[in-house]
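By letter and in written order, the chains are A, B, C and D; residue numbering begins at 1 in each of them.
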Amino acid sequence: DGSLQFICGPCVIESEESIHRLAAGIGASLGAPYVFKASFDKANRSSVDSYRGPGMKAGLKILASVKKSMGLPILTDIHEPSQCAKVAEVADVLQIPAFLCRQTDLLLEAGKTGRIVNIKKGQFVAPLDLRHAADKVASTGNTKIILTERGSSFGYNNLVVDMRGLVMMRSIGYPVVFDATHSVQLPGAAGSKSGGSPEFIAPLSRAAVATGIDGVFLEVHDNPAAALSDGANALKLDLLQSLAETLRRLHAARIG
Amino acid sequence: DGSLQFICGPCVIESEESIHRLAAGIGASLGAPYVFKASFDKANRSSVDSYRGPGMKAGLKILASVKKSMGLPILTDIHEPSQCAKVAEVADVLQIPAFLCRQTDLLLEAGKTGRIVNIKKGQFVAPLDLRHAADKVASTGNTKIILTERGSSFGYNNLVVDMRGLVMMRSIGYPVVFDATHSVQLPGAAGSKSGGSPEFIAPLSRAAVATGIDGVFLEVHDNPAAALSDGANALKLDLLQSLAETLRRLHAARIG
Amino acid sequence: DGSLQFICGPCVIESEESIHRLAAGIGASLGAPYVFKASFDKANRSSVDSYRGPGMKAGLKILASVKKSMGLPILTDIHEPSQCAKVAEVADVLQIPAFLCRQTDLLLEAGKTGRIVNIKKGQFVAPLDLRHAADKVASTGNTKIILTERGSSFGYNNLVVDMRGLVMMRSIGYPVVFDATHSVQLPGAAGSKSGGSPEFIAPLSRAAVATGIDGVFLEVHDNPAAALSDGANALKLDLLQSLAETLRRLHAARIG
Amino acid sequence: DGSLQFICGPCVIESEESIHRLAAGIGASLGAPYVFKASFDKANRSSVDSYRGPGMKAGLKILASVKKSMGLPILTDIHEPSQCAKVAEVADVLQIPAFLCRQTDLLLEAGKTGRIVNIKKGQFVAPLDLRHAADKVASTGNTKIILTERGSSFGYNNLVVDMRGLVMMRSIGYPVVFDATHSVQLPGAAGSKSGGSPEFIAPLSRAAVATGIDGVFLEVHDNPAAALSDGANALKLDLLQSLAETLRRLHAARIG
């Protein structure tokens, strides 16, 4: 309907209780329906010793309980073709991780579920080249596709968001989402994990919305310093309401 | 006063008549005072055969006539320390070209004139490192400084605008301007001259304004295809009014 | 023993006949034992319509026949954890594709086979950060690890080889290989497939060997123009002998 | 004559005594004639408070005394067109600083002196685009031109040397030199000055020579920690002999 969509939630499922608390807190901050996002498994953490999540079975159960109690559509990411069908029983949106955006079988299996497929653009992929990933999904007959920007490699341990890329990605023909929290990651910059610059979440989101996009993806945590994954770049929950209001004003003001 | 400032004009002075016509056309499009920009000499064209402009003496005379007849403040760029005093007799803003933003003597001489000094950030300079250039100007006792972003090197023959950089540059303590037309240059991409992607002038301007900046710099031409310099990335004059209105709406909407 | 090692072969298995012919041709060109490389499945081709290979079962059978008849160690790449054990029955070296170099489960399963694991550095990974991938393999008790450089993202549709990275990667503590043919890819530059600059295979190989490395990885084809995958950046077989001789001379000359 | 040339000396003239001592020390280390390099003025230091050198008049006098007593050709850099004629009275090679490689008047005045002109490639210039700078010099009738690589912008505060660029630059038609010490600078990385990684001088030099170049440029100091400029990336004098020997071996071994 042209309104700005939000995809929000924690990086990883930390516990059933925390998921319900966050889902409610985000809902109250946004004051509108949104897509709830959480991962059941972080399959590509920097270090082998990092927390990965509850796993697929336990994770899907928690996500199903949020979906039922809150009435929210659910987005979660998949890592292997064999996970797609099972995850699609709960998730409304299957997300292709950025590193995996060229894995043909994963894209095909995701497409075959008939669910919406959100493809994150790899840090190594030019904006228009993401059409090949979309074509793979669309070859299954499923064109419910979202394309998400999360930054491009810019030297070492840094990402840059090329705002021209959002325009180019939109020209491919599918809705475009800006992932504001992974875009402020500093890969590898914190030794055995990624660093981040959360102070840029708000200005980058504002910029992306002003170019003209369909939605914003934000990983949110009520206590980023204690988050079990990606706390370095999470948005603090109590900043969400104000940011969302500003983004909606910019979304309305952007059309000349 | 917090309103969004505009710096507009053609890349190079093509003729006295064209300068007056453009200055008037831009004024009508903006509906408000602005800083008129034009160069008397393009000292770093890609090719030795390209048009460089009327030179300092003739160029300053034309700029003085615009200033007088239109009542507009004037911005022009300088290339050697010896030009600063003479140019300052006419120009209200002396601009340091991006390639020259580390040339100590040029920064010092510009500072000594007491005029506003607009430092364009080199494509090879990290945002916060531009403070060293500002410090050089400020060491003369002149703190009337503007910092301008015009893109960073991103591989070969391409520039990327890092919107985080605008926030970092603002933290240095001076007004920050976004140069939307040079930011869409594709250096060297057109053989013996630079190419450009003027279709990104509007979305990049919108993005930059939404991050929170003080002004926008736009090279404008009534017929970019016939421009004697940088036509590949100029904004067509008849697109200016609509763009300016959108940018002002976003400038107002950006505060959360 | 300090001599320069070679890993050579076609990108993908095109047929049993062509594999035997190439394995023999490469052996004759090198005049020494080498590791024979070929993929049974290209799981991340740009386009869904591209040839992927004979698949795991048929591919392993062909690789086993080369191994038996030629007496060469075999390297092939894996894409999912479930493939590791089966592939390890034939392959002496299991290769982790660059895009997958952060997939924890794939690294762990590869490590558990006890085979040598060759980790290609992602185009988005800083050289020293590859130690995290090596640590994942080593956590299985298997420290037979090779680290391979294949270029870093440098703007769009281009890669750059940072020769400092080879030195940094060596400091991690495992042998380092330079993949000279993927390093000259131009990702996405040929529309629905990757382009390449095979004229740089030789100078980049020479440079890498001069920095001090352990081996060179080269995809070789007797007719690159007709190759079913990555022909744009393959080394023509009849150039291999001369290149190998030069690289061996440089390898000997590099020590000061 | 096909042998590898060396351009060596300190970054800046610190004193007449130190210049003579270094010129002799470098000569002893190289055991062959070389081009002696030193700057009389560092016109683009990061900070306005940094040491700049003795200035043109005093500097040229010192360089003339080295030239006379040691019989060495002299290279020094120029910053403004008006300096060219005067500097050419002493210097055999006039060097265009990287930041200034697009300044038309500087290139033309340097060309008009009839001296050899060494153009350093800007960190923001694609290798083949340097031909435009060479064309500007050649338009004066002077084709005694050298092209020097000193790294390309790679994210913030970092440079990468693209070894393909050396091959491309050679294809322009002039001798190509690799500046190994500025290539290991980390611009702005040390707060108010540039940092550096001198441990990469040797491997990058080896790599560049193996690609096939005409000369190596090295800033040398007997005590880098006490150098008045660019000490962070200077080569320690006592490492020069061994490095030069290795580079000559590689230069001989590179031809297949």
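The rule we apply is simple: a residue touches a chain if its C-beta (ideal position, glycine included) is under 8 Å from a C-beta of that chain, and two chains touch if they have at least 3 such contacts.
A quick note: this is a predicted structure, and the numbers were derived from the prediction, not measured.
> How big is the rotation, 0 to 180°, that puts the C-alpha atoms of chain C on those of chain D, in steps of 5?
180
> Quick check for the class: compute each chain's Cα centroid; which one is farthest from the centroid of chain C?
Using the mean of the C-alpha atoms as each chain's centre, the farthest one from chain C is B.
> How many angstrom lie between the centres of chain C and chain D, each centre taken as the mean Cα position?
Between these chains, centre-to-centre, one finds 37 Å.
> How many angstrom lie between the centres of chain B and chain C, each centre taken as the mean Cα position?
48
> Roughly how many whole angstrom separate the Cα centroids of chain A and chain C?
32
> In chain C, which residues are in touch with two or more of the other chains?
152, 154, 156 - these are the residues of chain C that touch more than one other chain.
> Chain contact graph: line, ring, star, complete or other?
complete
> Quick one: which bits of chain B touch chain D in the complex? Just the residue numbers, please.
Against chain D, chain B makes touches at 43-48, 52, 79-81, 99-100, 102-105, 107-108, 122-129, 132, 135-136, 139, 152-153, 156-157, 187-188, 192.
> What part of chain A is in contact with chain B in the complex they form?
Interface residues on chain A, with respect to chain B: 152, 154, 160-164, 166-167, 184, 197, 199-200, 202-204, 206-212, 242-243, 245-246, 249-250, 252-256.
> So in the complex, the part of chain C that touches chain B is made up of which residues?
Spelled out, the residues of chain C in touch with chain B are 154-156, 158.
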